[in-house]
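There are structures below to look over.
Shared chain: chain A. Partners: chain B in the first complex, chain C in the second.
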Partner chain A sequence: MPRWGMLFDLKRCIGCNACAVACKQENTTPTGVHFTKTVSEEIGTYPNVTRAYVPLICNHCEDAPCERACPTGATYTREDGIVMVDENKCIGCKACATACPYKNRFVLKKAPIKEGYYTKGNITPFEKQGYVRWVTGTAVKCTFCHERVSEGKEPACAATCPTEARVFGDLDDPNSKIRRLIQARKGYQPHAEFNTRPKVFYVD
Partner chain B sequence: MNNAPVQNSMKPGKWIPTTCKMCLHSCNQLVHVTSDGVVNKIEGNPTSPSNNGRLCTKGNSPILRLYDPQRVKTPLKRTNPRKGPNDDPGWVPISWDEALDIVGKELKKTYEEDPRKLLCAINDFQKLYLWAWPAAYGGNGSYFSTVGTFCGAGYHPMNGMIHSTFAAANDPYYCNYWINNGGGDGFSSHLHVTAAANHMAKARVERGMHLVVVEPRLSMGGAKADEWIPIRPATDRQFALGVCQVLVYEGLCDYKSLKRDTNAVYLVGPDGHFVRDDQKRCQIWDPEDNKAKPWDAEDIKDFALEGNYTFNGTKVRPAFQVFKDILADCTPEKMSKITDVPAETIRRIAHEFHAAAQIGSTITIEGRELPFRPAAYNYYRGAQGRKYGTMSNHAFKLVNFLVGSIDAPGGHVGATLDDQICGKGHILPGDCGQILPQPHQLGPGMPFAYPPNTAHLMDYFPIGVNPGHLIAETYFNPDKYGFDWKPDTMLICHSNPLWNMNGPQDKYFQIMREMRFIVAIDILLNESTIWADIVLPTLDYLERWNMTMIEPPDTEGQCLSQPVVKPLYDCKSEEDIFNELSERIGILDVWNEVQNFANGFAQKEELLLKPGIKYGEKEIAERKGLLWNDKPIEWYQEHGHCVTKRRPEIWYRPWDGMRLHFYLDYVLEVRDDLRKKMEEANVPFINEWEWGDYAALPTAVLDPLHQEPPEYDMYAISFKDIQLNFTENLSIPWISDVVYKDPVHMGILINTKTAAARGIEDGDLIEVRSPYGAIKGLAKLTEGVHPETVAVSNALTRWVKYHMVVKPGGGNYNRILPANLKNTCACSGQMETTAKVKVTKLRSKPKDAANAVTDELTN
Partner chain C sequence: MQGKTFPIVNEEFVLGFRPQSEWGWKIAIAFFFGELGSGLFFVSAFYDFTLGMAIGWVLVSVCKPAALFMHLGHPERAWRAIMGLGHSWISRGLLASVLFTGFGGAHIINLHYGIVTGGLAQLLMIVAMVSCVVVMIYLGFVLSYSPSISLWGSGIMPVISLTYALLGGVTLVLIFGYHTLLADNPQLLSTLKSLELGLVLLCGVIMLSFLHGAAYASEAGKASVALLLKHDFAKWFVPFVLLVGIAVTALLAYMGPTSFTAILAVAVAELIGDFALKILLFKAGLYEPAIGHSRF
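Up next is the complex of A and B:
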């Protein structure tokens, strides 16, 4: 059984957010919901200045605070390490969103999704075919594109990344690209001090 | 959980190969269509060696263009006769028959009166042959657009003269030292950006390629570079000349290449022309025999690059010496004062560039031994969009020339626009062993005429790209320019001229207001097309056929677009629209002839379009595929494309055995010919033609913008990022969502210290005023911009609320640019794209920010 993780190569990422848009078209997330995105930050003072582009995603923590906080057991970790939400058990209490130190949880409004990408009440055929997956009032999150992964595909964000800055793979396989990169380039976890043991790594 | 898939790509459906049209290039895609017929996922086609199965931000977003509720769904007719930026056109839907009859009748009326009176803005890059439609109409194509001119009027002809190509880029496979000057290649813009970003990342991370980025603003590339060198805007040519000075005066050149591969050895007389013998042969100086010899003499022992000599009683110098003499004035110290780049930095970059070039080394590729020059200087719009456009472009090429990296593995390599037919070379032999300069890569040049036949004076730009902005001069001064006719009709096709034209917006408003008739052909409305009398809606690329390949830097082939869904609305293909209009005007047969030429069908006789037949989009696409590789359209439907890596023999040194134009005597010949024609025709504005813009070699002369009055004490530049590369995309919610969250697109960028000195804080409303116009915006303080510069994202400047998800901004950046002859390169037509400005604080942190920056447009 693999243990899935993702690595972000900060040397490659150019902050284009193709990942964010690929996620939106793969998952039809409603307006305002981004399972992944890339943010930027300026570092230094002129002329010794640069800008860092940092991809963000659910870290699928081994010791997931969201899972511990969930009162109904809706949040659970699959055998392959992907942290999921069972929308049939979720009561929309937002405990997971509060507990997540990385703020990578979203809770859908209780009302049906009427706010289309363009305007209220104007839902495109694309949204119509996609929004049926959402149970209003429940917590949602990145699933590492679990269905794609089951079929041997990469998550949509990693598959499209123009610079191959996102590496998805099996953290338990010593020969996987992700493991080799973590070792060769001293991969680190985001805010390791939170002690949540993320399955997401960064290399500089 | 139920078991039905929730992820879009995993739902029942089929994958159909097609080709992206979210920018002008052609990434290969796979489109997932559900069993209910909804397009729900688009991915890169992994069989493509171009984009390698990957897509950029825009390439991920076409679904929302297809399903945009604001697409034009039927032909529209205007009911409000009053035309202005804020006037509701009062559209009413009409039938195609009625619309085509109205447009056909109006265009026929103009055609019969004087076809020159039609102004065109036809800018679909994936159907380049449509650009040639005005040729069928007979009007020589007066432009009301600056597409091609902005990015380069100086750029494209220079590539045509140096490489015989439309564009150029560094070789990502072998380059070890890459200078990016004012260009987004590999990061944010230009050629096949997804592919280029992929190659760039691999080169940097896997091969350790060193990247130096020279530009006023810390762009994506600057942020990823090993070194960002901030430079004062509009001084890039002087930086390049400083680098050249070090290479030449410290003896750091590829002398073997200069002697063998270039005309730098040809002798130049006092008039700047090559000297020739009685058989018109160019001359070289043989230092062994100490005498001049014809360039092709068999007894040449060596070529002099330097020295002063006498030929037939005339003082002569090798072209290289001419450049060396110019460079005497371009020391790093002097260039430092102009560019604000420290002299030691210019010197160090020259040394690093030279060391990385490995002069003398070779590489064997597919059995062919080639010079190996893994150092290359790349540049694009920001660096070359100058009044002295030809000189600027030439300066950057010369850095590459000096180390022998033009078209060498690892070097700076030409990229053709569209090869059309597999196996056709793009190099032609020219005069005296040189390649034939081919500045007109978009179509044939315009013949000289006086009175002028074009409203934008293209009759006087024998080398350049259409300077559409000059209509701001000619339309209002017809007597001065000798016009005995005046434009009164306009055709807009996939263009937004009010948006792309530089200079005085009120004049462009007046021109549009005075048009007797305007027809617009597009998928969405924009700032310009809302002025139309009739709008003819086109299909989305996911609904139509096309075959294209546009300036791929390192691949070749053809890419098919095919309908993946039935048209959602009552729209037609561009081919159907132009066929119907051509038939109504009575020019269908000529149009077919023009298409045969523009598409290259004449190269295979069986593909020729015949008179009297209206060829649809599928038939044109099929012919283009057959022209390339004889494969039928069914083959393309299955594979989507036939893209391969560019063959080394046509990529690297395809001109081997000929000489490149280090020295552009050709430009001087064109200048002399034009001047003679203008004198003979008594062209009254001849004295305004700045003949110095026609230069055989660049000098360090300052572009005129630096001489604006001193109160304009800062520079303004504009920029785009990968989310906005080439075409408009802010109307796509996914794009505007990520763009408007990015700090560089959230305000007018101004250096923190500069802002502090002027009492400007983050979020203050500021005005940026040039001698030509003003824009407003919220200040965004940053360390990542040169202290004398404000930088304006293209995303900030929309000014008409025509689309529900586009944020109005503080006016169009282009408004602060001049549109006059003084700031237009008389050789290339390139306009100045940087402005001198004064920056004034208007209000502290306005609460109603959105309204505060919305420009008050006059009706």
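Up next is the complex of A and C:
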């Protein structure tokens, strides 16, 4: 059984946010919900200023605080390490959202799904076909596009990334690209001090 | 690592401290009623003061769930929250609340009507009191669970819950018991007033420790404390929580006469401070930036 993880090569990321668009397209997430995105950081002071980009996604932690905080068991971890949500069990208490140290849990509100993005009360055919999967009032998250992964594909964000800054693969396979990159370039986890053991790594 | 200051951002695609926005005034009201009610029940139970116990029971078993139900996305599934007893403090708190509602209610009825005596009455009392203590502190544990929100992620949160619950309990016993329990017992009135003053002073020390701990825990904690003491929320936190809720309450409790008006003034000041603290705790919670250090 693989143990899926993702690596972000910060040297390659150009902050185009094609990953965020691909995720939106794949999952039809409503307004305000971004399972992945690339944030920017301004570094230095004038005239020595540069801009760095940091891709963010659910870290699918081994010891996920969102799973521990969930009182209903709606948040669970699959055998392959993907942290999932059973929306039929979620009561919408939002404990997962406050417990996630990376702020990667999102509560689905009624208004954005009912009103749509473009015209108030007039959702597009794309939104109509996509929104049926969501249960409002529940807390959702990135699933590493588990349907695509089951078909042997990469998550949409990784498949779309034009600079191959996102590397998806099996963390347990010593020959996988992700594992080799982590070892060769000293991959590190976000906020390792929280002891959540993320399955997402960064390399500089 | 260089000391780097991040901006406070909301949904912008910028690295920075992000305010928590999922828990707001509804949870704050639930916290307020839960702690106040359990504190009132707990203190009243020592004197078999059934009126205070009954009011405390109503606050915990009616008012608190009402606020929580308003907060939940799917309140019809709320019963499922009992499933995570092994890992979630919300589940443990729910179990304690259910036990408190059943055994606490039965204990009040039994005290009033004397239906059962002996071991069974003792059992009712013990389960009611133990579950009452869990209700007092579990909300602090729920908050202390967030490792990235340094303002909350501290072991002092359950202590804050317990202290404010007991202070609220003593204050309300003084109010509701003034014409009944305390009317012909000046010794008890004096004892409760001393206890109230001690708890207010303890709240002051704990509040200082809480702010000090958060400010030195992380950059996000420091930014949260700055929000409370210097920036956006200072106009609420300093006058209502620190001045009215602690300083004025302590001063009135120390100097105020034992008239009902003076005791009422202390209670109003204390409750204002308590409620303001609950609201501001949620408002000022900030998450650490996703990556805690700069690349350069």
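The criterion applied here is as follows: the second predicted complex is superposed on the first by the 200 of 204 C-alpha atoms of A that agree within 3 Å, B and C clash if a C-alpha of one lies under 4 Å from a C-alpha of the other, contacts with A are read in each partner's own complex, and residues count from 1 in each chain.
To be clear about the criterion, a contact is a pair of C-beta atoms (placed from the backbone, for glycine too) under 8 Å apart; a residue touches a chain by one contact, two chains touch by 3 or more.
Because the structure is a prediction, the values reported are computed rather than measured.
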Once the structures are superposed on A, label A:40 by its partner contacts, choosing first (chain B), second (chain C), both or neither.
both
Let me test your reading of the model: by the given contact rule, A:17 touches which partner, first (chain B), second (chain C), both or neither?
both
Would you sort A:113 into first (chain B), second (chain C), both or neither based on which partner it touches?
neither
Answer with first, second, both or neither: which of chain B and chain C does A:181 touch in the superposed model?
neither
Looking at the overlay, what does A:164 touch: chain B (first), chain C (second), both, or neither?
first
Touching A:129, do we find chain B (first), chain C (second), both, or neither?
first
Per the contact definition in the header, classify A:86: touching chain B only (first), chain C only (second), both, or neither.
first
Quick check for you: in the superposed arrangement, does A:71 touch first (chain B), second (chain C), both or neither?
second
Need the overlap of the two footprints on chain A, from chain B and from chain C, as residue ranges.
17, 37, 40, 44, 50, 52
Touching chain A in the complex: which residues of chain B?
1, 5-11, 34, 36, 38-44, 51, 53-57, 59-61, 63-64, 67-70, 187-188, 193-194, 197-198, 200-202, 204-205, 218, 220, 222-224, 228, 230, 721-723, 733-735, 737-738, 741-744, 751-753, 782-785, 787, 804-805
Sort out for me which residues of chain A touch chain B in the complex.
9, 11-12, 14-18, 20-22, 24-28, 31, 37, 40, 42, 44-47, 49-53, 86-88, 117-119, 122, 124-126, 128-130, 133, 145-148, 151, 153, 156, 159-165
Touch list for chain C against partner chain A, complex
11-15, 18, 20, 22-23, 71-75, 77-78, 80-84, 87-88, 90-91, 94, 142, 145-149, 285, 287-288, 290-292, 294-296
If you look only at chain A, which of its residues touch chain C in the complex?
10, 17, 32, 37-41, 43-44, 50, 52, 54, 56, 65, 67-74, 89-95, 97-103, 107-108, 136-139, 190-191, 193-194, 196, 202, 204
